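Pasting the structures in now, so scroll down.
Next come two complexes built around chain A: one with chain B, the other with chain C.
What follows is the complex of A and B.
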């Protein structure tokens, strides 16, 4: 099977800091890959390159065989790569459902200027997505009144509203109490499975990694140091020393 | 001041506030969404007024059904807003969205100057007066005062419709929600795949149409001379500053403050008439620098 995403020899530097120094990575359709690594290893930079926010100085990014290197974020979203952020990016002054409908409108590009929000055909579908993530009861609430954990799930629902084939998540459970973490990840992984979305998530919590990832990629100094199953990677002596910190 | 005079001043003030509100709310919307302070907004008011006067005079001269002048006023507003608004946004503003505010201000000021001369070329410097719509609606009596129905009923009604309509549009329609979303966080809206360019065009045309509507509705009540656009843009800036940038309901209240302040000054201390709007503005800004209803820019993480 050809990879969903292929990253070839990608380089980028910010002044003296080399954030990507020859990154190679293949992503199989349907898998869930965790990215771990010390701070400053270039994990978020990698997500930014894949989503078009940063243009690499060398190398290529292929999505479903098409070269998307350096394309603007909007074009990449349309091709099917969505992203959820470490700090949820939501329109705070809108209700949860309005946020979803705005994303749906961005996806379909059907735009009748005077169409009422209550009459949009995507309404049921969006409520269904919220239900999958277990936050349907917040649909009519304004985002700025919601707790962080719920916002995270709404952020993921928003990304899924774009019907991506690949979803990149930057620390999906950061800033959430440890009791909520598993609940959030369970809902998230189930929703990704239902929608058949391949996912990449940056994570610091090794327990989350071993529980939810099919494969793990270890970042270090702007390179992929190692790729393997969670069991193999977490058993590796170098990884345990540099990343896990044991 | 007799009660009758006070009532007269109040009616004058409301009628004037209705016009100022329509222009100012367009200006504040454009600024709220696009972050461009559009000096050329005054030109839309002036050209809307002149076009409306031409249509009214043309219809009257052609001996058509006189009531056609009302659709004529609306047509002038929508036509000027849609055609001129689209041209300016697409050809000029799209090039300067990423430039620094000083340059944006200079460019819209240049557009304003050019359009001032275009008005002189097309309509000359002779005053235009096309009061047919005011005569058609006649006068009404309010507590012993005769007042034109056009200014007493039509202008405030249209202003209220604009206020309520804009509120519903921004809250309840997809386009309105998209406009608010782009205002709140343009980067994120783009990340979702929303075409911010299209939202900008829609906003600019809508805001410009409101300015042209203000002009078209003002044309029957005043004589049109070169310079009306400049007067109106300065007043609109005062309204927007008093209300706080991007505030729709606030603009209505600020317009009323300025309208009433000005009309009362006319009767009480005529020499203060011109200064009153700025006095109100200075007092408000001294107490609340962000405007009456403005919010201090939220910190973005």
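What follows is the complex of A and C.
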């Protein structure tokens, strides 16, 4: 099977910092890949390059065989790549549900200026997504009054609302209480499986990684240090020393 | 919620009815009200852009573009028809809005505001300089158009223009309200709060803003055509930067987040200005400035928020009573 996403020899640097130093990675359709690595390793930068937020100085990004390098995020999003952010990116002055409805309108191109947003037929679907992520009770609240943990989940829900084929999650449950983490990830992974969504998630919690990832890529100094099954990667002595910290 | 919006609708219709009968009771008020409503249409344009957090300090240029293009058209047609000059003025404003908009929607905040100002100053000086076409600072006389081929005397024309403007204010106010409630209008306020997320939903913030910009140009242009017709004269002063500031002033006075606020603000502004100019000729600007200061300090949501709050209090009180 040809890869859904192929990243070839991607480079980028910020002043003296090399944030991507010849990154190669292939994603198989339907898989769930975890990215681990120390802070500053270039994990977020990798997602920024894949989604067109940053243009690499060298290298290519292919989605379903098509070169998408340097296209703007909105074009890449329309091809079917959605993203949840490490720092939630939400419409702060709107309610949670209105955030979701804007996403639904964006997906279905519901730009008829005389049709009220509250009447969008995707309303129930959006509330369903919020329920899956356990934040349906905040639907009518304005985002700027919500705690960080809830905002993270709303940010993930916004990405899901686009019905992507590839979902990139940057530390999706950081800031979410550890008692809820697994419950939410269970629901999320189930939802991704049902819709056959391929996913990449950056994660620091090794228990989360071994439970939810099919494969793990270890980032270090702007490079992919190792790729393998969670068991293999977590058994590796270098990884245990550099990343896991034991 | 539905109770309130039902109440709002009733209040708006009652006010519109009040405005509609005013000229039959006080004939002198007709011109004043027509001007106020026309200005309200222009302010509504500014209010649309304020949803995206963008303040234009040059929007009077579209008032001037509407007024001058309608006047040129009218003079070329030997008066022309009211419908034709209105459409001509609005379409020209839309065309200019599109061209200028494509350029300015790449900028935000102070740059957006100043670029609009710059365009309006260029237009102002062109209107002054090319006096053999534009009449220079003396301006051009506006020929009275016919209505569906019928020529009208002045009183009839002014009456028709007044009721037409009132109908346009109600109709377009309602349409703009619908637009702002639609996903496209909600995306405008999303431009204000998070362009990154908008982009990552596959939406171009520039396109969203451009639609708003063209809508605002059309509204200002329409207001301009009507102002020109009422005054019987168009001068470059219509597009002067002070006039642009006035539109922003009225938008904030009325309540920047609200369609009704644009018209409420314009009516209050014109009435205060007329009376203050008559009774306190030298200090009317000071009076208006003082009013705005009070609004900004004590009712940042504008006149409409003052009204909204008192309605809410009223409802809260009736509800707590057993």
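Just so we're on the same page, the second predicted complex is superposed on the first by the 246 of 246 C-alpha atoms of A that agree within 3 Å, B and C clash if a C-alpha of one lies under 4 Å from a C-alpha of the other, contacts with A are read in each partner's own complex, and residues count from 1 in each chain.
Everything below uses one rule, namely that a contact is a pair of C-beta atoms (placed from the backbone, for glycine too) under 8 Å apart; a residue touches a chain by one contact, two chains touch by 3 or more.
Quick caveat, the model's predicted, so the values are computed rather than measured.
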| item | value |
| --- | --- |
| Three-chain arrangement built on chain A, chain B and chain C clash or fit | clash |
| Chain B versus chain C as contact partner of A:106, first or second or both or neither | both |
| First (chain B), second (chain C), both or neither touched by A:169 | neither |
| First, second, both or neither for A:120, with chain B first and chain C second | both |
| Chain A positions touched by chain B in one structure and by chain C in the second | 51, 73-74, 77-78, 83, 89-94, 98, 101-103, 105-107, 111-118, 120, 158, 162 |
| Of all residues in chain A, those that touch chain B in their complex | 51, 73-74, 77-78, 83, 87, 89-94, 98, 101-103, 105-107, 109, 111-118, 120, 158, 162 |
| Chain A residues touching chain C - in the complex, by the definition given at the top | 51, 72-75, 77-78, 82-83, 89-94, 98, 101-103, 105-107, 110-118, 120, 158-159, 162 |
| Of all residues in chain C, those that touch chain A in their complex | 175, 178-179, 181-187, 189-190, 192-194, 196-204, 211 |
| Residue ranges of chain B in contact with chain A within the complex | 169, 172-175, 177-178, 180-181, 184-185, 188-195, 198, 202, 301 |
